[in-house]
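Shown below is the structure under consideration.
Residue numbering begins at 1 within each chain, and the chains themselves are lettered A, B and C in the order written.
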């Protein structure tokens, strides 16, 4: 397994947001993570990406423990992400946002640029072309020069995915990438996720859109009150009585 | 105009010209840390370190001035690193306060140092700074900042300024970049301190007080921190302004000191309220407004 | 020894008053009001003018100048902070605009009064001295400590027991939530500035009396000391600021007595710096305003 979590816990002042969750993601796999609001999905992604340390448990990426590592080191090991509440760099253009995402992939020492070496200019050109290509891949080539804060909600989510892809991650964490999108846009994202997996990246996908999850995921883990209540292929999970109870319970309460 | 009167004008204003260069360099030193979203107010402390280090070398060694300047540039950067390691974990206002504390500690260190004549400082420092050195230093600082902009480093700095946690999840080692910028800013301040000491013939701790950092910050903010040359624009404007004001205030019979203070404060207030990107953004704004009007008329 | 303690408490109670105002605004707005020192200075001048030129007795001039301080504080909020609210960099922008305002006010005062030190006339304050144990205490010192203590108690009562206090605490906790609950947030912020600046004004007048010294730049060193105090006490913590103010006063007096007067200020900033590096929360956490 490429990424595996063992008994991971996170408590906030006595309240367990994630309560002993285990799951694993294989190479090239699209793994769904679903659960009612407040189940602890975002908290789990925050721990994987190193934004917050787990209270207990281990997170292993390709044989190396990454829990407790600072987030930029986790990124350098091959995990990048998008955010449920979009966190682009608002004053930068879409293209520059993606260029920042490529930070780890670029070999551009400053001294070369200071000396006006041609190799510096060549590298910059290539990096810019690559980021434009990524924007094209998410269907955003028309707005490369637009400030991120001026983009629509759905467009911002696409730029975020391009930014995460720019580091060529081994595992990409997507936190509700289709929230606020219309059905046509959702179809495009589903296709994009599949193509990302085909090129060898693993995806851990948090989503409320059940149809999307069923369509694109190879495996699904269901979280409720911080605990894993089901884990399996989409068909297995859909039939699981605990999952049905959790979702119906949630709806009945709502 | 005769040659003599030109010479007179130059003699009258040459120190203003020198101070425009020095203040520009100091404003850039504040801007450098600000460019990744960190407000460091330790700059007067770094300036003091550069000034004292170079002056001590001048008095006690026969080293060439270039070596003294190099020491004054490097030493503050070396001090900035152990300072920054703990302090840069602080955010916003807390960082500002901690660096104020550091600046005052440095100043009070020199006040209590008998070796450099305590609170009185050292006088009769030989004048070794010439005008071209000041502007060469300013040009070098501008060059470095210009080349950083748009580079991989420059993008990383912008990302840290906009959203540090998000930048870190993109693999940017924010702590290292912030430390590097603090050190770079410190070296600009140290160099300016050394050049100033050897221009004004003196070093004394009172030159490096909190109000000196406030001046630097004011230059940077008034000029604008959106572009790397903004702080120099601000320093030029606010250093030249008192020369004009001196004339005016003597005509209307007010003391020049308070008038200068008043106008500085007023300009700063107006800029922060109505022109948050500083006066260097004025041409762009005016052009934008003109274009909008032309478009409105065309349609 | 006893003498040192009395002197330290005396100096410390002025620091505490100054810092309480500082930290109140920080607790409510997360903003450092660097114009606080200008209010401190102006109100010392105001009291001086009322006593010297309008021949008011001190017990009338003091409250009048404190009231003026409060009103000035509301003005500071209106000019330097309210227009910036909602801007993304509002806490650094606010820091700078308050510096601007402080500069303007200091310039006006030095234009009017000149750079020289002014003094209260003889007889405007009590000058008798008492002996407590081996310490000599002036009546003035006792009055100053008493006024500071009374204002501290008054502030605690205000924050804990009154409707205004509860609302100030609600806004400190979360301006958004308070607005939803129907609190007029802008008004509460104005009121906080009033209270904060009134405390700063009182500190300024007492400082002017204590050292019989009123000058346009008298606020500057106290401003930096005030920063040390609120950091030491924990930003936004009222009891912390009071305690840390007294502690700094004592520390300075003992430093002068046992190390030397030129190290007096170094101690304050050394402490400030160490606290921020070792324990940024200060002595009493940062959420203490809510429990005040």
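Criterion: contacts are C-beta pairs under 8 Å (C-beta built on N, C-alpha and C of every residue); 3 or more make two chains touch, one makes a residue touch a chain.
Bear in mind the structure is a predicted one, so any value in this text is a computation, not a measurement.
Considering every other chain in turn, the ones in contact with both chain A and chain C prove to be B. Here the chain at the heart of the structure, going by C-alpha means, is B. Counting C-beta pairs in contact across B-C and across A-B shows that the higher total falls to B-C. Taking the mean of the C-alpha atoms as each chain's centre, chain A and chain C sit 49 Å apart. With centres taken as mean Cα positions, chain C sits 30 Å from chain B.
Averaged C-alpha coordinates give centres for chain A and chain B that are 42 Å from one another.
Shared interface positions of chain C, i.e. residues touching 2 or more other chains, are not present.
Against chain B, in their complex, chain A makes its touches with residues 49-51, 70-72, 74-76, 80-81, 83, 87-92, 96, 99-101, 103-104, 106, 108, 110, 113-114, 124, 127, 163, 167. If you check the complex, the residues on chain B that touch chain A are 143-144, 147-148, 150-153, 155-156, 158-159, 162-163, 165-174. Considering their complex, residues 39, 86-87, 89-90, 92-94, 96-98, 100-102, 104-105, 108-109, 111-112, 118-119, 210-211, 214, 217-218, 221, 254-255, 257-262, 264-266, 268-269, 272-273, 276 of chain B touch chain C. Taken in their complex, chain C has these residues touching chain B: 26, 30-32, 79-80, 83-84, 87, 91-93, 95-97, 99-104, 106-108, 110-111, 114-115, 220, 224, 227-228, 231, 235, 262-263, 265-266, 269-270, 272-273, 276-277, 280.
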